[in-house]
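Chain lettering (A, B and C) follows the sequence in which the chains are written, and residue indices restart at 1 in each chain.
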């Protein structure tokens, strides 16, 4: 995209809009993600030097470097930090990608998975399973038991998202006000449900449930990743393929239909895949806010609303943001740990306000 | 359009099953064992519970502590130690950065994945029961003693604790009906039923829990409270402060209509000391018995320092 | 190219279109006129495949419209809607490029360029859509529709162009430009149907007029045959005289809503 200027004599504010070239930006973001992750792996409460990091990483491949480290460091690096960073990338990508798709679906940039009931639905699904289904799950073989939580979260997220979408649907599209109200209603209902579960839950299950609502990546293990990664990966692939139909959908549902887009099918897929991605992510990491709202918005400012660049960009930037937020969360008050939701809110909220103020002019009367 | 093949979701479901099936086989291998008998002497101990910290210090091993959780407030000598967070949501790496060879916690310690990760890194983890009651308290002391290889000292501490506690019990149970409240601000006000630490303490002090219809904690309701008709209210000092003192407490539904409320008979004591069932148990019981014996003062509160 | 026979549309207990017969062939421009609420947009949306008729027959290129898959339909016809819901900051060029979607990008940039040139939107191609005026936005969508109509080979021949009040919000010069473009598309082999409010624009540019009233086709045929002062007074509730156009071979409708008596005798139909 080239630099854009507004002709003199035109009533809108003189605004220079610079759009970055999508491919360059995506490459840049990807490099940043890899770099930050590599750095992040070496930082934490336990001191591990960069040389040790490299040595520990290549050791399983049979390469032995002349750097000494002890078993504890190796375990921390391999079993605690690495799965955690990978989970952070997956969760960040899933949330940001879902946010971008939902914003396109509702044709409104203020949509966030939490606002629309996806995250809270996932939370309710997980809560139901933990509190009511505990005995049932423990009879399942371990592999299925591990998958039970993401699946429960997914199913519940699907129900809540579809409900909000239904509430917000008017002829020819979705109404923003109805969407917000529907989201408020569903969130309130879910909150009541979770509250009720917390009330009736026996102590042990309540404990298990409260761990999970704190919102953090501390529970990352390779085992849980083995379940969440394929689910989120599949959802991500499916979501990225919706890029072109979503572009058309921005014109309006009937126009998109005129252009040959199977609108109903696209809407259903978007909802189902978003619920899957967010459900799987939330089931392991709890509810992490702002990522789904701020990341797509930020990107849109820089590369425009074309989903073909926006969706992959959102995934990468979301991953980057969560890895950074997690780094802060686990080092700022070491040896204790902050809930990551606080960090994303502390960063996301001012970001969002800045965005709102600075984009009013470029938007005309959006 | 080419990109939206039908049957795509069928593939998703299929892969879900496959992913689930392969998920279990890659669990991190647990390393290290927890042995309760003949442990090596541990030089670096992390305590994940306030009472555990107290016991470790009471056994004279306080210098071995390298980290504690945020509920560990006693004795004052541990104030400078690094905190690893709230016991229910600790950071595995945070604990490991203190290079502990022993981590002692209760069944509240978590999340389970963090505990596993700590175990996997080779640190010994001992879980002691946090059940209330005198017998459980003595056993707890012995269990911690076993973990840090100070069984003999632990045994004599346990015995002294049991003896002193029994001595602190009143000769004649007063049978006073007491309502035990847990509060964290006006929005979270709970009543302690059977099986709670407060219930246990009241039994030891010869009083009666005004509420015995349920186990555990339930939110305060006006009707239940009035039906219970307590003659005194027992509440931790921090809880009382969060409600805005006695005045604030009595604004809670129904309390002002109870005999305790009418006489403003409110007993506030330090929570950790009163409900921890740790080494300070005899002291705590003495304070409670004394407070229960006092009739309501004009100012309406009886009991110890916050 | 497109034929409607006995088409009805009923919804919510009301019949919006009754027994409509209509045909538009390649090279023709047909204007659909009528008072507000006559069912013009409904009829157009049925012709475009967006609404399903409650009963009746709709065929495009001889095949029932129902038989066409959405993608196929998108390659055979383009619709310019009355309003657009677009509010995202796409550039003008991006919006026009969206029209190429049914063709998966083949020959795209060339078609986009041509469409932008014809609607004189080239100089604004990097502007952000939400910063445009209402008329400019209308032209952008027309460009998008032209880009879609251009098909794989750049020619609209054999395709259907449906315009729903395409000149609303445009200045007179642009109104004529748009209608001229419609004529050009027809000349290149497209079938064009436009819903218009302006009877004179319809008279000047259309080969045939279809007059809708209360959901029924009450008149159809050449402008000269259809446009009479009696018709205008009855159907549009507007007193008017119809005179020959001073410059072109078509009638000119002159409305005189406040005149005491019309100059010409009223002829009963």
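We adopt the following convention: contacts are C-beta pairs under 8 Å (C-beta built on N, C-alpha and C of every residue); 3 or more make two chains touch, one makes a residue touch a chain.
These figures come from a predicted structure and were not determined experimentally.
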| item | value |
| --- | --- |
| Chain separated most widely from subunit A, comparing mean CA positions | C |
| Chain pair whose interface holds the most contacting C-beta pairs | A-B |
| Chain centre separation (subunit A, subunit C; CA means) in Å | 45 |
| CA centroid of subunit A to CA centroid of subunit B, Å | 35 |
| Approximate Å spacing (C-alpha centroids) for the pair subunit B, subunit C | 76 |
| Overlap residues in subunit C, where contacts from two or more other chains coincide | 71 |
| Per-residue overlap in subunit A, given as positions that touch at least 2 other chains | 244, 260-262 |
| Residues of subunit B engaged with two or more neighbouring chains | 1 |
| Subunit B to subunit A touching residues, read off their complex | 1, 3-4, 8-9, 11-12, 15-16, 18-28, 31, 67, 70, 82-86, 88-99, 108, 110-114, 116-117, 120-123, 216, 219 |
| Subunit A - residues contacting subunit C, complex | 1-2, 4, 6, 10, 12, 15, 17, 19, 107, 109, 172-173, 244, 247-248, 250-255, 257-262, 300, 304-306, 362-366 |
| Contacting residues of subunit C [partner subunit A, same complex] | 45, 48, 50, 70-75, 78-79, 81, 84-91, 94-95, 98-99, 101-102, 126-128, 130-132, 148 |
| Of all residues in subunit A, those that touch subunit B in their complex | 44-47, 71-72, 75-76, 79-81, 141-147, 151, 199, 203, 207-208, 210-212, 214, 216, 218-224, 226-227, 230-231, 234-235, 238, 241, 244-245, 260-262, 265-266, 269, 272, 276, 330, 333-337, 339 |
